[in-house]
Amino acid sequence: MDNKRDILTLLRAVASGEATPEDALLELKEAPFEDLGYAKVDFHRAVRQGSAEVIYGAGKTPEQISGIVAAMHGRGCGNILITRLSPEAARLVGESCELEYHAGPRLGIAWRRADTPALGHIVVATGGTSDLPVAEEAALTAEVMGNRISRVYDVGVAGLHRLLARLDTLMSARCVIAVAGMEGALASVVGGLVDCPVLAVPTSVGYGASFGGLSALLAMLNSCASGSAVVNIDNGFGAGYLASMINQMEGLKE
Amino acid sequence: MDNKRDILTLLRAVASGEATPEDALLELKEAPFEDLGYAKVDFHRAVRQGSAEVIYGAGKTPEQISGIVAAMHGRGCGNILITRLSPEAARLVGESCELEYHAGPRLGIAWRRADTPALGHIVVATGGTSDLPVAEEAALTAEVMGNRISRVYDVGVAGLHRLLARLDTLMSARCVIAVAGMEGALASVVGGLVDCPVLAVPTSVGYGASFGGLSALLAMLNSCASGSAVVNIDNGFGAGYLASMINQMEGLKE
Amino acid sequence: MDNKRDILTLLRAVASGEATPEDALLELKEAPFEDLGYAKVDFHRAVRQGSAEVIYGAGKTPEQISGIVAAMHGRGCGNILITRLSPEAARLVGESCELEYHAGPRLGIAWRRADTPALGHIVVATGGTSDLPVAEEAALTAEVMGNRISRVYDVGVAGLHRLLARLDTLMSARCVIAVAGMEGALASVVGGLVDCPVLAVPTSVGYGASFGGLSALLAMLNSCASGSAVVNIDNGFGAGYLASMINQMEGLKE
Amino acid sequence: MDNKRDILTLLRAVASGEATPEDALLELKEAPFEDLGYAKVDFHRAVRQGSAEVIYGAGKTPEQISGIVAAMHGRGCGNILITRLSPEAARLVGESCELEYHAGPRLGIAWRRADTPALGHIVVATGGTSDLPVAEEAALTAEVMGNRISRVYDVGVAGLHRLLARLDTLMSARCVIAVAGMEGALASVVGGLVDCPVLAVPTSVGYGASFGGLSALLAMLNSCASGSAVVNIDNGFGAGYLASMINQMEGLKE
Amino acid sequence: MDNKRDILTLLRAVASGEATPEDALLELKEAPFEDLGYAKVDFHRAVRQGSAEVIYGAGKTPEQISGIVAAMHGRGCGNILITRLSPEAARLVGESCELEYHAGPRLGIAWRRADTPALGHIVVATGGTSDLPVAEEAALTAEVMGNRISRVYDVGVAGLHRLLARLDTLMSARCVIAVAGMEGALASVVGGLVDCPVLAVPTSVGYGASFGGLSALLAMLNSCASGSAVVNIDNGFGAGYLASMINQMEGLKE
Amino acid sequence: MDNKRDILTLLRAVASGEATPEDALLELKEAPFEDLGYAKVDFHRAVRQGSAEVIYGAGKTPEQISGIVAAMHGRGCGNILITRLSPEAARLVGESCELEYHAGPRLGIAWRRADTPALGHIVVATGGTSDLPVAEEAALTAEVMGNRISRVYDVGVAGLHRLLARLDTLMSARCVIAVAGMEGALASVVGGLVDCPVLAVPTSVGYGASFGGLSALLAMLNSCASGSAVVNIDNGFGAGYLASMINQMEGLKE
Amino acid sequence: MDNKRDILTLLRAVASGEATPEDALLELKEAPFEDLGYAKVDFHRAVRQGSAEVIYGAGKTPEQISGIVAAMHGRGCGNILITRLSPEAARLVGESCELEYHAGPRLGIAWRRADTPALGHIVVATGGTSDLPVAEEAALTAEVMGNRISRVYDVGVAGLHRLLARLDTLMSARCVIAVAGMEGALASVVGGLVDCPVLAVPTSVGYGASFGGLSALLAMLNSCASGSAVVNIDNGFGAGYLASMINQMEGLKE
Amino acid sequence: MDNKRDILTLLRAVASGEATPEDALLELKEAPFEDLGYAKVDFHRAVRQGSAEVIYGAGKTPEQISGIVAAMHGRGCGNILITRLSPEAARLVGESCELEYHAGPRLGIAWRRADTPALGHIVVATGGTSDLPVAEEAALTAEVMGNRISRVYDVGVAGLHRLLARLDTLMSARCVIAVAGMEGALASVVGGLVDCPVLAVPTSVGYGASFGGLSALLAMLNSCASGSAVVNIDNGFGAGYLASMINQMEGLKE
């Protein structure tokens, strides 16, 4: 049972007499999550949506991660993303499941599904080469969620011609993810060039007064370009996830 | 001439021989903006999109604002939003144009159009009553851009029942704008309840360690709920604008 | 002699003639602490209260820690907590005393007492699995101080159903410790659901704009839920100690 | 109907057959809050607990505040606290209700009840005279919630004898609220002297590197005294509310 | 006597016997500054360079400012800049000298000289209209120091076509001053387009997470465009002064 | 009775039999402070030392200030300093006592004594004219405490010759107070030139990235000159008080 | 084709008929950069200017760095600077190209050219010996760009005589780079002594409240000396590059 | 020749004719420092004062440190302090000089002199055992500069009786160095108990919201106790040096 609309519906059914309390109880007992003690794992959502569920790998032991993956896979989940996964942890986790590991973004994809579609069009752009790990986290997240991705890398604003040379690609996107560290100006410039939503991802690339990504974060929050919003520093996953939601929006029915 | 795709097209037409340099020059001379000295005003975009163009009112004199409004209106623009507009400036600006002024959000709407549609469904939710001015900036922005808005105010997470009582409304949204100050938890809780994109707007409501909205901003950037992104503190306009873009997305064509 | 009420009483006894200055002097000479040069160790308090005394392990050499433990144990103390104790230091300290070491929270318990009671009811809740080390520091602290603990882990606000499924446990608590990193919203939501004091523990779990726990700290300080207070980032010990005091409050005598 | 335990009980009654869905529906319709559009006001809680409900006055218009007060009073609430209430707003609000206004702490108490008890013992201590407004917010809050208060003002740690002269009063407290700006050391010193919980309230008193209370806040969060926790800068209300909860704890039943 | 090279020369002359100690003493007595008690005013430099000397107006009384102006003018100085000069102070100062006051940048120019040349070419560009006051401080400073200025205002990066339309002007500059608030991206984009030094001036224009210009400052310090440097927030004077030095550099002699 | 050495002596006298408990009690009853309710005023110290006692004026009502002054004066105190005293408060306070008010430093001196000596030599130096108010707070504080003061104002490091011209005065000091805002370099340069202790006072003079004195504070804390220490931003009083203690040190007896 | 002036010229040639669209197309196809996938490398600029192009080494794999160097060298570039290059990466990169590696500043120079001139005069000064790595990054950058460099190291302001002893060297510079950590006062003092532009480079040298260079950065931004500007913390490259531009300015033609 | 008073005297002698320029030149040539290229070492000062000169070890290579030590020793210096000296560097430096190394404070003393006196009385107090390394840096610095030191360690304010038990020692000091991390309250409490100058040293001891010593630093800067000043975080050397200057002050001659 899904933990949102369905619970509401169930309660209404009880209240209206359509369902007996016994049935409701039974359905509720089929808990929408499994309690592993150290974690409470959501199954239904991932199964139903056919898309990626995510495990935040930092601060979890490899055993805990493996346990969560096993529980999810046991219920039929695939395309399970594990972010902030260290190479050592990946080696251990990979012993108990089919794991595709990307060392740059430190991202694991457990039980990747071959049949994932590639819908619509999301562009992932970066200011520099050093932003690639974060960009790849965004791109891979969106890919496993069923979106078509174009990578437009190293198009920082200090060399506008590199960006303008890819204007065609940018303009055909339904959503752009702009990944940049240092002064984070890419989001503003892209935001002024395209008509679709722009998701800005500040990165911790830089030194000195970049203060671990703070400079790019503040710049992106203050962007004078309309139509953009910001996710956490280095949060490629978050941008990829939201971009997928936007890219796959159904059209308005009038 | 639109300042994006069209310029590219024009340059290609020149390069390919489809357009003579003279024609191109002529079109380019019809500048895509009008230079008022203190401002360079974009016309075509607003005219073409039939939606709101925005003037950032802070730091501009009433004369400058009036000048920009006049230039835009002269080219056929309506629904011109003026943000951060003080009551005194509003009085002066209102002498030279038809101005609807909202004192709470300090928002002016010049030459509002009666024929604006109300498409789709955007929910604007607030944590408390004190967040209303920012919420109204978002709601009014989205309204003048042609969206249907539901206001779900004062549903902060410290009284979950108030939020759950409006679950139906929230779940029918195509995009939710979550406006909250202080601990900014509304975005996370809403993000966990709905399936659509959530745009988080931190507000400067609070005192002490809220540091002018910093606490809510950081909390929202660190939201553990997937599918959300953040705009600047008190930036109701930005959230309303992006929500409109998302709400009015065309469906994927397969 | 206890260093609080008793000193005052003694001085009064001297002043009122009930005690001779000689007796007072004698009692004062039995110093309420032992001076090891690098540390001044309080004995009486721990002996009298039968509860845990704490050694802050960071910045102390294993020799210093062992010396303090030995001095305390020599006076009859047990249940001696050593926080921020590295595995290497634990190995060395364990050579000279009976040490129970918890690697996750980096917490040592020297000379643990088997006869510790389990009074009342304290709930320790976490937003995620990665918050476990801090939560365990709180839970173990409260346990060795004689309290009954329920662990409710991984109930972050982005999946409300997980939290609501444990509502019974939460509502039966006399004090709740809410441990969360990132946006730290758990404290606010729990604070709105229960009637007892809520102690919020921000954790350094997160990345980017969590700034080492700052985001959770600020969010918790700005909680709109009444009846809560905050301890330092990752300070599980402090929360466990205060929760024990609250849980073991005597009832009001009218 | 109370919004916590009662809803759970009701749902169980429906599920177990003890209550008919119709009855449940009826009870649920008696909403636990009243929706004023700009605010959703909780009644049952305040009525049932006989204690103060609070309205955060900042960012609300006098009309909104008056409306909320009227709605609460209409349901039988008294002792309604209004924090951060400006003198001008107090004048306007006072026209439509019986309002006791305290200019120092900018605190209003609407429809104060004469029959409030004065139970247990809470001490409110301040570092200096300039901390009085915040201390009074705490003291008045706790008073209207039915607690006995002792005020121990201007006992900052730079003149220890002033604090030690009031040791008797401090030691008889069931909870101490330590209010201090600048270096905020009062909480640590008091925490080392008493055996009861200490709630630390940093104030924005000070200048320069006090950074609006940040210095006191950080000092209090880092207190080396066990048994204390911290509320937001200048949040006298929060400390008074939690102190009341602690002071009125029932004793453990064995 | 100039306070730099000349003093050294004088001392050498004494040491080498070219000047008698008496002569040296005499020259030294002609103090290179005049002590007004509250200020020590440098004359020689301004006289010799024929350019602007600056008085920082904030925190000085109108009497002090007038005194400094009078002392300078008495020694032949003109084009005396007074920054951060409030309108009220300007009125008072203007009573005792010939003062040209610019209300936008709050800049006074006392005893402006008609014969100031307009050498070379400095471009002052701004991101928005709200940056004008700071830009004018820079432009006026450079003008009174004898430079030719082109103003390129409201060419923020979210509308690149506005900037590109002025590329000719930008490229003919010997130094560009890029003035921008909010995300401060203008400096990076301009820096990538021109070959001359770019001086970046962050402004306090913006709200929320612009934190009084911090966002623009950090962005500019982290600019990925080579050939730029940054001055203090809102420091139009500093940029204008340095731009003048760069613009008037003598060519290398080989 | 003085609250320091004397209390200890008294307690020893009781313990050794030299004093009867009754005498001790009597002496202790002559409280070392007077409790005004809102303030606890120390008398003995000021009387004995013949020097200034200080009242921090901010956050106190004029009535409270007047009450404290009256209580002190009633016990024979003079030279009572009142810092952060607004002109309005000064007017009211001045109605009930003999008050010398300095508007620049916002400093009041109640019941100033004519017979104050002028011992030793303290130099107060400032970087600029705008630092005068803080410098005067330091200078006046030290003056009423009986020290001889030399004012060396507007000798900022960007014009070294102004500072070097006063080298004689600086070198004859027993303690130098270096007052500077902006980059706060004065303390380092002076510290490298003199042999006596240097007390650095950062001021909030400046704008933009001076962040209210933070830049000067950090610079002074990081001074590479040995022999200096720092007080709070704008804390002229603190520097003056400590400088007086240092200036009046007795010589070492061998 | 150069990506600046030349593109504009080309477009004008097309528009005016001087160039056929076909020619223009051809020239444009000779892309001004080479796309390596992970990087877009600018060639023409470096070739044409005969000066250094820079690769930011941090966050790039040795393979990526080698690839970029190879691409650049293949087009005739020399003097290729690689900043933030770790010793291990340097070893790997050095296997595929002629690499001069400087361990202190972690700077690589690939394919250094023997025929680089040494024009004009740039002084690089440091506050202390610990600032050398950053200073060397600046000095080497400027050297490979064809400038004559004087190193004036360890002349911090706490020992003015060391600085004054090198006054001759400083005064003969066309541009001074002032490198300092801690309190960063060197820039201000040097700025007051010389007549040429001063580029301030804050370094992360220091501890405690230097906060990784923040203290020096803020101090330098707030310098009261006119004629200076600031680059990012530890950004020796940026200062060296800009100093080269300034040093090699052509003289004004009248 | 000393670089202060003596230079001035020399110049005057030249000007007055007492010295010939030739003699002056000769004396000036005997440079007051030796230029090692990477460092400019001051000799005369250390020789003359018979006290410690300091080398800041961080960021210097062992070779550089050894070179400076050798140069100083060659001119007769002893008691050479090397702060922030890593154990590895100490081993290397120790090969070329007589080095006493203290691992806790990471402090080296090269060529320590046996005949150093122990004058006056300085107390070094710490809040906890973890503050010892910083306290020892202060104590050792003051010791090699010829002062008598009393160590009063682990007397934090949360256990006042430990501090009060050493009141005798504290009160006999001519200067107290108060070393504390976390909430840094020790300085305020000690400042209220003693009559001599108190130098506060914040330490980076702590975790979470201690932010590397920031909490203690701010608390100490905001101390409400008069007569204290603050040095940089962990700057034991600075406090020891200044305490020595104060302790060895000559008495006022009247």
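When the chains are written out, they are named A, B, C, D, E, F, G and H in that same order, and each has its own residue count from 1.
One rule holds in what follows: contacts are C-beta pairs under 8 Å (C-beta built on N, C-alpha and C of every residue); 3 or more make two chains touch, one makes a residue touch a chain.
The structure presented is a predicted model; accordingly, all values stated were derived computationally and were not measured.
J.: Would you kindly count the fewest steps from chain D to chain H, each step being a jump to a chain that touches the current one?
T.: Minimum step count, chain D to chain H: 1.
J.: Compute the centre of every chain as the mean of its C-alpha atoms, then state which one is farthest from the centre of chain H.
T.: In terms of C-alpha centroids, the chain at the greatest distance from chain H is B.
J.: Compared with chain D, which chain's mean CA position is the farthest off?
T.: In terms of C-alpha centroids, the chain at the greatest distance from chain D is G.
J.: Just give me the whole-number Å value for how far the CA centre of chain A lies from that of chain G.
T.: Chain centroid spacing, chain A to chain G, equals 38 Å.
J.: Rounded to the nearest whole Å, what is the centre-to-centre distance of chain B and chain C, using the mean of the C-alpha atoms as each centre?
T.: Averaging C-alpha atoms per chain gives centres 48 Å apart.
J.: Roughly how far is chain E from chain G, going centre to centre by Cα mean, in whole Å?
T.: 25
J.: Residue numbers in chain E touching 2 or more other chains?
T.: Those would be 56, 128, 159, 193, 208-210, 214, 217, 221-222, 224, 226, 232-233.
J.: Could you pull out which chain B residues touch chain D in their complex?
T.: For this pair, the touching residues of chain B are 128-133, 153-155, 159, 161-162, 165, 205, 207-210.
J.: Okay, in this complex, where on chain A does chain C touch?
T.: Interface residues on chain A, with respect to chain C: 3, 7, 31-33, 37-40, 42, 56, 58-60, 64, 84, 202, 204, 212-214, 217, 232-235.
J.: Can you list the residues on chain G that touch chain E in the complex?
T.: Against chain E, the touching part of chain G is residues 4-5, 8, 54, 56, 119-120, 167-168, 171, 174, 193-197, 199, 217, 221-222, 224, 226-233, 237-239, 241-242, 245-252, 254.
J.: Which stretch or stretches of chain D touch chain H in the complex?
T.: It is residues 127-128, 156-160, 181-185, 188-189, 191-193, 206, 208-211, 214-216, 218-226 of chain D that touch chain H.
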